[in-house]
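Both complexes below contain subunit A, partnered by subunit B and then by subunit C.
The block that comes next holds the complex of A and B.
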């Protein structure tokens, strides 16, 4: 039996005797079914109604699945940094080679002018340096792109669903720190209403905590 | 009577912070890579139009790579965009950016100054 998520609780609250109804049901049909319970559950979407409304079937992705989808951020950072470092080495080498080449060219030109030989035409950059430069840029590019922090959904319902599914894990930057502008569950005020607080669970948690304290004291 | 767009925003509101975060991430990447392209163009000794062409091509490659590595993979994890009418308009891209045109073309102007700066610098350093 899976642990009921907040969504289930919210829906139960609708289905029970004192039912709440989405005041914008057409929008629920339009967005709700497709978006696995990610529709924005705003207070003004609810209004009390006399008869209970039907059950809305939602599906929620468990946390483990959600974690599987998004790769671990710290390994990504390591990969991106090593790729970028390798690319920078290549680029530095290409830069040095090009500089040496042009120095050699000017030296040649000077000596050939002094010896009144036929002036050698200034050859363009050797192909291997050009290729090395292009490859270095592409490699660094891949490294930098891999190092960018993950995008966040701009649609309110998807964003809220992401928080619901992943919590803090979905809002970490590449160093594994939770981002500063992460505000947490936007439904906290709905869940925190006294009527919907799971008092038994909290009581159990408190008892556990007290027991833990007692053991630590001994 | 509110317009259609206002109604759309009321039905599916946007998260401003996410929007800013996405745009800033892309912008940072583009200004960073633009100066990198300047280094490349300087090493290759490109001049006038070929240098700008180089910049154009590589900044498009940047955006493409960003799309391929950062945006496209998330399409698998979200079954949302297929069925709802509001998100399916622009595909995966519309999950993260408001207008696709901005996404593809903003990079050209974002990094141009940085590109020219490092381009001239490295051109001078290498050809001195």
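The block that comes next holds the complex of A and C.
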């Protein structure tokens, strides 16, 4: 498996006198390519580039560590949410401190100006507030990253294998809901042939099955 | 848990079809009974989602199967109210009539209706497909076959129709034709791992049906190995692919008493017995792993069909009568 069969979006751009071609398939999820709100920049999207411009970021977690990191999806969301909440609290505190600090500074400046008539320039924030802000943002980031659903497989065989091996279980988000665009094997209709269904035969088979069930119960 | 209503219910076992059709009252109650098709009306009435219409179609299929004609008719009415005289909706209406027909006369009447619709437009795909399915259901296989060939004449990229043709030929025992039609499907969907496995199965059946063990037998067995291997290559841990691979290699190892004749004109000769042996071992190991995990209901191994796992277990136990079952 090299690339999805239907390229229906092509973007041409020019960088530094060279033309690049970006193609993407809009039915990415059907092809098994995960997207997070942007086009995935995979190497073969730059087939016509003379030099590589894309960065491929994959996060792969082996099965055993995945069990360790993700014990359970619901506790996972709880941890992620509490970390994010804690980070937001820190950030709010830092903002409040900064505001208080500047209010104090301006008050001090006003009084000292009235007393001595020499303006003092003390405008920079204290170190601890700056550090608190940076730490708060990092904590929020960690919380949000922990809350993302696991990445989807990029390779066709892995993705197909996941459908066969895990079924619906493998395509649940953090809340335990099956993803809405999960279709099972997308080629199942070729063998199922829903438009050619022999409804009378199916009906007869079903009544036979019901009779069989009834006899089993007796 | 009942399977999703978004997915086609045709291949589901009866118990799951029953669970699906039992959802019908809830779905019919919770979704709006009329959805306006005009742009202005949609501002005021309930919003429509494309999934809703797929749900209705699938509900019609499973309700007709379980005999809940009233719910099926209700779904059909809603579809008809929204889409009017659409070909696809008409085909669903025909399907309901087919299911409710009591005798051959009524079926003939439905068939005549299809013919009339096709007279207006003889490339009406949904109706054409229903007509073929009805002909086949009535046992008129040759008529169904010629209609199918006619359909493929004007719509040669319809993989579903090629697959139906393959199945039709297969049911008549015409293996070469069935294989040819399946290969056409593969041209249209080269990454479909289940189609590769199906082609492998067809080739295995074609090879073993005649009972001969000449050059054509070996060629078809080699092709079958190739197809099953490709299906495994496209899909990790594919139970059906490994099952087929094991079946073919086991058979080849069994009748390996006579040396494999190598004819030079074949593009894919049978691999040597060493390779076959190793393929067999690989398939056995993989099948054992799948059966073990699946019967233990291990996390991440619950996607397999229970019947397929049972078949694999049977195949493995045939292999080891001394009782290696865990």
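Simple rule for what comes next: the second predicted complex is superposed on the first by the 109 of 218 C-alpha atoms of A that agree within 3 Å, B and C clash if a C-alpha of one lies under 4 Å from a C-alpha of the other, contacts with A are read in each partner's own complex, and residues count from 1 in each chain.
Note that in this section contacts are C-beta pairs under 8 Å (C-beta built on N, C-alpha and C of every residue); 3 or more make two chains touch, one makes a residue touch a chain.
Predicted, not measured: the structure shown is a model, and the values here were computed from it.
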First, second, both or neither for A:158, with subunit B first and subunit C second: both
First, second, both or neither for A:112, with subunit B first and subunit C second: neither
Touching partner for A:142 - first (subunit B), second (subunit C), both, neither: first
Partner chain in contact with A:166 - subunit B first, subunit C second, else both or neither: second
Which superposed partner A:207 touches (first subunit B, second subunit C, both, neither): second
First, second, both or neither for A:198, with subunit B first and subunit C second: second
Subunit B versus subunit C as contact partner of A:82, first or second or both or neither: neither
Those residues of subunit A which subunit B touches in one complex and subunit C touches in the other: 156-158
Residues of subunit C touching subunit A in the complex: 4, 6-8, 10-11, 14-15, 17-18, 51, 61, 64-67, 91, 95, 98-99, 101, 126, 129-130, 132-133, 136-137, 159-161, 163-164, 167, 185, 189, 191-195, 198, 233-239, 299-304
Touching residues on subunit A, where the partner in the complex is subunit C: 1, 5, 63, 156-158, 160-170, 178, 180, 182-185, 187-203, 205-207, 209-210
Sites on subunit B touched by subunit A in the complex: 11-15, 17-19, 21-22, 25-26, 28-29, 32-33, 36-37, 39-40, 43-45, 58, 61-62, 65-66, 69-71, 74, 76-80, 82-87, 95-98, 122, 125-128
Residue ranges of subunit A in contact with subunit B within the complex: 24, 27, 30-31, 33-36, 38, 40, 66, 69-70, 91, 94-95, 98-99, 102, 124-125, 129-130, 133-134, 136-138, 140-142, 144-146, 148-159, 179, 181
